[in-house]
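Several structures are given next for inspection.
You will see chain A twice below: alongside chain B first, and alongside chain C after that.
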Partner chain A sequence: MGLRPFVIRRCIEIAVIFFVIMTVLFVLFRLAPGDPVERMVDPSMTPEDAQLLMESMGLDRPVWTQYLYYLKNMATGNMGISFHYGEPVIHILMDRLPNTILLFTSAIILSALLGVFLGKIAAWRRGERTDMLMTVGALFCHTLFLPWLALIMIWFFAYHVGWFPITGMVTPAVWIDPDAGMISKALDVLHHMALPLMTLVLTHFGSYLLIMRSSMLDTLKEDYIITARAKGLTEKTIRDRHAAPNAALPVVTSVGLSLAFSINGGALTETVFTWPGIGRELVFSVSHSDYPLAQAAFLLIAIVVLTANLLVDVLYAYLDPRIRY
Partner chain B sequence: MIWERRRRCLILLFLLTTAFFACHEGTRSNSLRIGLVEEPRTLNVWLASDANTRKVLSLIYQPLYVVDPETLDLVPWLAESMPMYDPDARSYTIFLRSARWSDGTPFTSRDVAFTGRLIKSFKVPRYASKWRFIERIETPDARTVTFYLKKPMATFLSGTLATPIVQAKEWSAIAEKAKTTEKPLATLINHRIHHPVGTGPFTLEQWCRGAFLHLKKNPLFFGTGQAINGHTLGPFFDDLVYTVFGTSDVAILALKKGSIDMFWWPIQPGYMADLNRREDIRLFTNEKSALYFMGFNLRRLPFNDVALRRAVAYTIDKDFIVSRILQGQGTKMFSVVPAENRFWCCTDLPRYGDGLSRERRIKTAFQLLSDAGYTWAVPPVDAAGNIQPAKAIRLPGGRPMGRFTILTPPADYDPHRATSGLMIQEWLRKMGMPAYSRPMAFSSLLQQVKGKHDFDAFILGYGRLRLDPDYVRNLFHSANDKPRGWNMSGYHNSTFDGLADRSTSEMDPIKRQVLVMDMQKLIARDLPYFPLYKPSVVEAVRRDRFEGWVEMLEGIGNIWSLCMVKPVNNHGA
Partner chain C sequence: MSDTASPAPIQDQPPDLPAGKHRFHWVERFADGWAVYRKNIIGRIGLALLALFALMAVASFIPQLVDPMYHPMTGVDPYISHSTGPSLRHWLGTDYIGRDIFSQLLAGARIAFMVGISSALISILFGTTIGMVAGYAGRHTDLVLMRLADMIMVMPTLLVVLILSALFGQLNIWVIVLMIALFRWPGVARVIRSQTLSLRHRPFIEAARVAGASHLRILFRHILPNVMPLALLYMSFRVTSAIIIEAALAFLGFGDPGTVSWGMMLQWVWKTGHMFQASYWLLPPGICISLITMAFYMTGRAMDDVLDPRLRKEET
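After this line comes the complex of A and B, so read on.
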């Protein structure tokens, strides 16, 4: 099979999967217990008022009709209007998406860099105390309960020491100030980003360290490393120029996949640090039965993950023609 | 060369770090910073349904009348005086205060009439029932508005006249456009408002989604410098900034650190000891217009028997719930109307088991059940009158009582109700009843109880009851016993229905008070709901920033406070 038919076949498969995901999401939210209207009414409102509210949300129609409207809207790129915000959900998600990408992409890249750096040292010093300390440390950090760690970080670095702001993404006083320039605003965002970033890096770098260490140990047994030693190259050059770049390939694959999943944010991280991203909106929309917002958020994640998968498949097929058959 | 490069790098790093940490949280002495746990969702007043959104919009859009913080009586706000009622014409005439909208245009009777007509023509859900009985609205002049009622309606004053008034100029174009669409109501309530025009003490300056919302003092606010009901109004500060915090823990840390001046959310008892120790924090404890209760399903066994419901009421130790579960931050309730709602609350009601010892409660409940024909394999009180663990209670016909559940919200949603459910389960088991407390996700609980009526008993609560007691009619009128209806217990009593119907149309407050009291007596006698407690509202502010907070029912977070607090002297006014 040529590359083009392969790509077309994968695109069709992904379209079918996307349709299934769309339908499953619709059904799941309707089957889930809870009623969007019940959270919006109080005893001063009559059942007729509640009925009007349902009508305004389109929930008075039969489920099949709602499903057909949902499909029709999706086909035209209309993901619906949030019950609580009263705005097109796509606006809400696009508003939050850059914040999530900024935090989580930075966290993944920094974690990977730290993991690769420490992983290669651990592998190079295999069996020594440094290796043991790094491996145990990585496992320890990887298994820390994130909300607990986040609260401890806030308490110590933001409240006790006072180096960082207590949660949020911006300082109102800076952003309200008409004299504040772009640089001070950018620095303000970075200042707020530091604590969640440190927390995420602490809990994520361990997995990259372990992947790197394992891969590096395999690489160090390769013939070209022995050749490099025979050539009389320094230990540092062998480690950093010859072994590490090759050993880092599995980490790069892992980072690629993590980046695709990073758009769903981290509900816990975003909640504790009050980071206005997709994760917090997901929690809100599901807990308040805001169907359009929840469906759109999950669909957005599905789109990014499916697209990433498609790209990886196409790349693999391009690099290794055997995959197409 | 290498050292030179390293030195430059170090200097650059030092400069960046200095700049980075220089981004401290600035404090403007004349801005009040309030912490919220959730972000407001919309600026469209017709869509707003959550408390946090109302905390913002209530400072922008104003009603004709508000409640006085001390007496809880209605006070003219956008209105100049109390309404004049003409019983023959069934009309209310209201004279309006001289006021301006935040865009500078005058506030007139046309705006009031427009608001009413808009609600009626679009049937805006949150307000439609409060305006349905208005026949027509006339505006004899720019500062006079007359409402003609189809029938007498007692909720007109506290319900209809508490509606926020919107500007005809701003909303008429939106309404006209909405009318041309397929779904006018959906278009109206989903219209995105960027810069709301109001008559309130503040106007919107900036909303940085997910981060903060900045309001500025409205220089055209009608109340500035005025004494309304003896309260001289400001606002006395320029900026009001709402900041969002994901959790209470973090918000309280921010308060302690001085990043916010007030946390507008009830403080849980667990934080109080720490906050009480601090000299820079002040706690305010106020009562809440709330009702937390145990409800029974009167449609099926075993709770269709009033004797059983009364026996259950006797076994419940409210003192324990308030002192141990609420840690003293609440009060017992005996009526479905909170005691602080003094005019409407009936105090002459049976207080099942109040003040009795554990032994006395069990004996009274045992006596009640025995008299009603209930029997036990092992009764809770033996022949010698000693208390013993009861086993296997049987219904009056001799059938064993089947296992029943008490549905409660989960502990992470409301630990008080979840723990109360567990305690009640234990107290009922001591009477030989197969009670099982079952925490359930809040949405599921509502669906089970209100939508499907598939339950035995439940513990729920209303956190913000209106002062007008019309909700008592809504909660127990037999016409509301339907899926999604408020009569969740399935209470049917024609006497109650008659009283409730009369109470809605009784325009004389004193006569209506008698009717509402009688309604409460019936509820206390028949016990479709057994009132348990209401938690207090504890709020925290920083002492060193603002003073002059106004305490009232529901706490210090109210329009009076925000119109009256002043920066403390060391910050200057």
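After this line comes the complex of A and C, so read on.
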């Protein structure tokens, strides 16, 4: 199978999964105690507005018709109006989506790179002090409780030392200033992103390091490594060009498998650092019983996880042709 | 040991053997495993930490017997109504309404064990059964079950439980335990399934089939004992994730309000705005959650060494 049929097959599978998730969510919203209409239409709306909204969602129709309306509305992005913000949910979430993607992807890529890099060195120096220190350090970081680490980060780096801002994503003063160029704005965001990013990378690179280390140890026993040695290549070339690229494949798989775990962490990080992303919006909407927002945020997170999964699969299939069976 | 050592002995015996003989075999296996486990420094540290936490959980019943003001949930010091630092009266200080942090910490250990172990047991039960059935039945059953597993595996458990608590209101601690278990079985099922696949065509299974054993009997008498060690290994990892998810849920404010867990304690520090002033209150619960997950993780890795002889050689 070529790369393209494989990608198409994975796309179809993921679309089916998403469809099932959507349906289960619909059923849950109807099964839960209380009035489903009240759950989608803000009780404080004027009767005319409420009527209009109900009609656009088909809430006055039988359940089956409601389901068809629901699917249609999801496809067109009409996901109701947030109770709290009083705005269409889709606007709020589309505003937050880039922030989540920025934090999430940079965290995953950075931690995978760091894990591969350190794991490579740990395996190369197996049994030595460096290896021992790295393995123990990775194990330690991997088991740190993420929200607590986030609080400690704020407590130390933002409050005591004062290097980084405590919350948020931007400094309003910088963004209002008409003279501020792109660079100073970007630096401002980076400055705010440093702590949440550090928290996510610290809690994630450990497992990648451990996987890279054990995979590298297996690779180093392969015949082609002995051949490379026999050819008289330098140690560095053997390590970086012959062993590491092959050993890194399992890390890619594990990135894919741990995506769900990472998005949990992402939501927690966003909440503690008040990073304006989808995860924080979900936590916020759940604690404020803002059902339309909660439903849409959850679906959007599902889309993010599934898309990321797809990307990882494609990357893996590209790197390792054997997988495209 | 799961497939390489000798799966044959139990199965080759006639089924009506006295129970003692089986037990003897298990004890022997356990003793062998323990001998390997003991050599592993990571495993020893993990076990020592777990013993410490178990001690804390047992001791959690003591403070409220000494004085009702030490009750982790309802006990309030009559002279203190705000957060104070460590003192002789309150070893780790008090929280924002004058409750003793040390006794809350002890109570948290109890909740962590309760949540972790019961949730892990349930998800292992589901995972093992589903994995065995999928691997043994094959064909359509296998396909459907594994697709279901894939689907659940991509869902972020914490956020799923979050949305459920939005719909169904405040969740009871046992509902939370069940929810976590229901979303954490797929990983176990996959491993057990592949183990079952490799066992399915072994001579002793074929022999049992020819002898007229029913499918249920083959599954639970012949396959289960062989996948059991692997299931137990996964249990220690499931305990870890269950504890973390419960703690995170409580941290976000969706825990069971009737329990004092470490996540709940962190939520109180955070929400009442004490995190900058009260490090005596911020540090202990987080250290405990991190250490207990580390302890279970370490025992899991050490057990991995016991079960996989290939890894054992690599370590030396």
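The definition used in the following text is that the second predicted complex is superposed on the first by the 224 of 325 C-alpha atoms of A that agree within 3 Å, B and C clash if a C-alpha of one lies under 4 Å from a C-alpha of the other, contacts with A are read in each partner's own complex, and residues count from 1 in each chain.
The rule we apply is simple: contacts are C-beta pairs under 8 Å (C-beta built on N, C-alpha and C of every residue); 3 or more make two chains touch, one makes a residue touch a chain.
Everything quoted here is computed from the prediction, not taken from an experiment.
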| item | value |
| --- | --- |
| Dominant toucher of chain A (residue count), chain B or chain C | B |
| Partner chain(s) touched by A:280 [first = chain B, second = chain C, both, neither] | first |
| First, second, both or neither for A:301, with chain B first and chain C second | second |
| First, second, both or neither for A:232, with chain B first and chain C second | neither |
| First (chain B), second (chain C), both or neither touched by A:33 | both |
| Touching partner for A:289 - first (chain B), second (chain C), both, neither | both |
| Chain B versus chain C as contact partner of A:55, first or second or both or neither | first |
| Touching partner for A:271 - first (chain B), second (chain C), both, neither | both |
| Which superposed partner A:146 touches (first chain B, second chain C, both, neither) | second |
| First (chain B), second (chain C), both or neither touched by A:154 | both |
| Contact residues common to both interfaces of chain A (with chain B and with chain C) | 33, 151, 154-155, 159, 271-272, 287, 289 |
| Partner chain C, residues of chain A touching it in the complex | 17, 20-21, 25, 28-29, 32-33, 139-140, 142-149, 151-152, 154-155, 159, 214, 217, 257, 259-261, 263-264, 267-268, 271-272, 279, 282-283, 285-287, 289, 291, 294-295, 298, 301-302, 305-306, 309 |
| Residue ranges of chain A touching chain B (in the complex, touch as defined) | 33-35, 37-53, 55-58, 81, 84-87, 95-96, 99, 151, 154-155, 158-159, 162-163, 165-177, 184, 187-188, 190-191, 194, 270-274, 276-277, 280, 284, 287, 289 |
| Residues of chain B that touch chain A when the two form their complex | 19-23, 25-28, 31, 33, 38-39, 41-42, 44, 47, 49-50, 123-126, 128-130, 159, 183, 185-186, 189-192, 205-206, 208-212, 214, 239, 241, 243-247, 249-250, 253-254, 256-257, 259, 441, 443-444, 446-448, 450-451, 462, 464-466, 468, 470-471, 474-475, 480, 482, 484-486 |
| Chain C residues within the chain A interface of the complex | 150-151, 153-159, 162-169, 240, 244-245, 247-248, 251-254, 266, 269-270, 275-276, 279, 282, 285-286, 289-290, 293-294, 297-298, 314 |
